[in-house]
Amino acid sequence: MKTEPVSLELAERDESTGRVEAFSDGIFGVAITLLALEIGVEEYQGATDASLLAHIAELWPKYLAYINSFATVLLMWLAHHQMFKFIKKPNSSLILTNGLLLLIVALVPFPTKTVGQFIDTEARNVAVEFYTGYFLLVNFAFLLVWRIAAAKSKGLLHAFATHEVVATVSKSYQIGVLINLICFGLSFVNPWLGIGANVISWIYWAVSFKE
Amino acid sequence: MKTEPVSLELAERDESTGRVEAFSDGIFGVAITLLALEIGVEEYQGATDASLLAHIAELWPKYLAYINSFATVLLMWLAHHQMFKFIKKPNSSLILTNGLLLLIVALVPFPTKTVGQFIDTEARNVAVEFYTGYFLLVNFAFLLVWRIAAAKSKGLLHAFATHEVVATVSKSYQIGVLINLICFGLSFVNPWLGIGANVISWIYWAVSFKE
Amino acid sequence: MKTEPVSLELAERDESTGRVEAFSDGIFGVAITLLALEIGVEEYQGATDASLLAHIAELWPKYLAYINSFATVLLMWLAHHQMFKFIKKPNSSLILTNGLLLLIVALVPFPTKTVGQFIDTEARNVAVEFYTGYFLLVNFAFLLVWRIAAAKSKGLLHAFATHEVVATVSKSYQIGVLINLICFGLSFVNPWLGIGANVISWIYWAVSFKE
Amino acid sequence: MKTEPVSLELAERDESTGRVEAFSDGIFGVAITLLALEIGVEEYQGATDASLLAHIAELWPKYLAYINSFATVLLMWLAHHQMFKFIKKPNSSLILTNGLLLLIVALVPFPTKTVGQFIDTEARNVAVEFYTGYFLLVNFAFLLVWRIAAAKSKGLLHAFATHEVVATVSKSYQIGVLINLICFGLSFVNPWLGIGANVISWIYWAVSFKE
């Protein structure tokens, strides 16, 4: 029968990770691009060159928040791809946990604009604690996806993901959570320290990134 | 002739469901990510840590609406993929009915922000009725797409979609509509009951989800 | 040499229409989903069930504009895919003209919100003329892409796109422009007539759509 | 073993440029479509046909900014694809530098709305200098990506990217930076001269574009 091979091929393709990756990519990509929507100078009467320049300059907290969130989500996106290279086929739990991660990632614009709007006000402590706390949550969700994927009894990983490989990857994700926990803790000491630690952490991840 | 095989291959690919799925995915993915745009604290004079924390906390209806809509649309997206695994090739009616579903799904941000804005006001009854009613509409459209796909005379399904399989799938989608009808009905009794039923329904779907 | 076949394969893939179609799809899909952002009820003090219901009801011009634009762009997207099935490989002119079409399509949210905001005011004549005039422009750009693609001397079409096929397709696109010209003209007679003709035109296209 | 070929195939695919290109395309495509969100006429009391027409007409600086940014980013997107045809496989540095380019491209809506809002005010000098300066930055980032890709010692390019080819491509990107530097310089002489040079530059690129 002519339809058989086609349907089998489809079924096989659907068991691979392509579909889950594609919809994850879509959400990561749109969420990261929407971050830019927050940045702009409102129209106002009597604009002059000097006042516009001042307005552009005083948006620096939003630039900082934008760069920090964009870089962090981009690096997480790269890590997400690397994680899925180890996965042979997703099961229901993995798809749903990944969905939870996407739900959290899609909301990154919210803490980002909060820190951009309030870091330059008396509310900076709460703004930065919320921001670093949110990225701690993102990292928890990321580690959770890996936990589900690497569960030994389920056999979701490729054969080349040996016990040693899994242990190394797990450790690197745990370090990610730990670093975010430190950033979160430092935010309570001083908001600039919290943000600074956050910036240093993604610079560190970028430098140590291996394709 | 050299162009023949290429064109045939193209024609074949175009008869498969890939294209319809890809543009459906795009709209599901962007619509779901745009839900996050509604959430934020407006800039205000004299911000303090305490007041910002209060503002973040009082946004809880928007978080509830966001999580509920994101989870529901994500599960529908997964169901949409599963449905299309059964479809061998779409015909015009299927493509257009699917387009109607997308038109409705793309507007989910509207009832979502309505419920997020008004559930904490005296307008909560109408807000929740509108919200649960909208998801009833989404589920109707979803069932309609399946009805068109499974129409016996058209032969749009793969051979492995036997009479029993089709009956099982149809029943599960009808149950989906029924559950949404109950949520809609409960909204008229009490808005919190309506929203609560909605939350329970997607948790149930998530738990019973089979890849 | 090992790299040769890879590069050849890449070169071949790049000469096909896949890439142009993928970025066109992205823009069509995002533009269509952004239409929904315009629709919402502003938060206001003293909301009651009755007032919220009234506010939701009085948004009807925006629903009309949304449905009309979504349906029109979706049908154009389907037509765009069908057009590209005939194209063997794009040349520079085709890619750039298609880029012009995308520039125009991406701005569809502007006339859509204009008609949604002003059709219920004394400015309805200009709002509808602008709206129908804009879709006339979209259809012109669409016809222009086909003209470039079908230029006999360039050989961009597949062999199965015979003289008769090209003539039939050209005629159907010219009819599209003509119908939009009529809608535009009727807008000057009466705005409701212009919008009504627009609605009828996409219903007609949907009914006559052949996959 | 059955899983081996699958995993090898996956690994191979992942070493190619497909993934980097796909996420670049996503960000280019969403960023370009979001440009349209800035354009619209606010709702106002007592709208008449004449006043709406006047409002639509007086948005001309926004149309100019939209067309200019859309065209520039679209041409850069095409150039990005052509660049990646030469790349055999990306390394970490290339992926990260490309990420920096995306971070900058995703923020193009910001200078675009700035110039659209202020070119018609006394702040036009700063607005245009900011705008042309931003595109100079975009072009620098683009050149940087190519520098990383073409670094001789790394062997990231296909064999068909000979020394001559690389030299030609490098020169064309350097000319791009130079042209943007001239536009930036001219903005300080006169804002209209700066914008005019910008428009001329993308028309020139479009005309000289070779698929």
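By letter and in written order, the chains are A, B, C and D; residue numbering begins at 1 in each of them.
We take it that a contact is a pair of C-beta atoms (placed from the backbone, for glycine too) under 8 Å apart; a residue touches a chain by one contact, two chains touch by 3 or more.
Predicted model, so just to flag it, every value in this text is computed and none were measured.
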Partner chains shared by subunit B and subunit C (touch criterion as defined above): none
Per Cα centroids, the chain farthest from subunit B: D
Centre distance in Å when subunit B and subunit D are each reduced to the mean of their C-alpha atoms: 34
Centroid spacing, where centroids are CA-atom means, of subunit C and subunit D in whole angstrom: 24
Residues of subunit B engaged with two or more neighbouring chains: 26, 30, 34, 37
Category of the chain touch graph - line, ring, star, complete, other: ring
Which pairs of chains touch, using the document's own definition: A-B, A-D, B-C, C-D
Residues on subunit A engaged by subunit B in the complex (per definition of touch): 1, 3-4, 6-7, 10-11, 14, 19, 22-23, 26-27, 30-31, 34, 37, 90-92, 95-96, 99, 102-103, 106-110, 113-114, 117-118, 121-127, 130
Subunit C to subunit B touching residues, read off their complex: 25-26, 28-30, 32-37, 39-41, 43, 46-53, 56, 66-67, 70-71, 74, 77-78, 81, 85, 88, 158-160, 206, 209-211
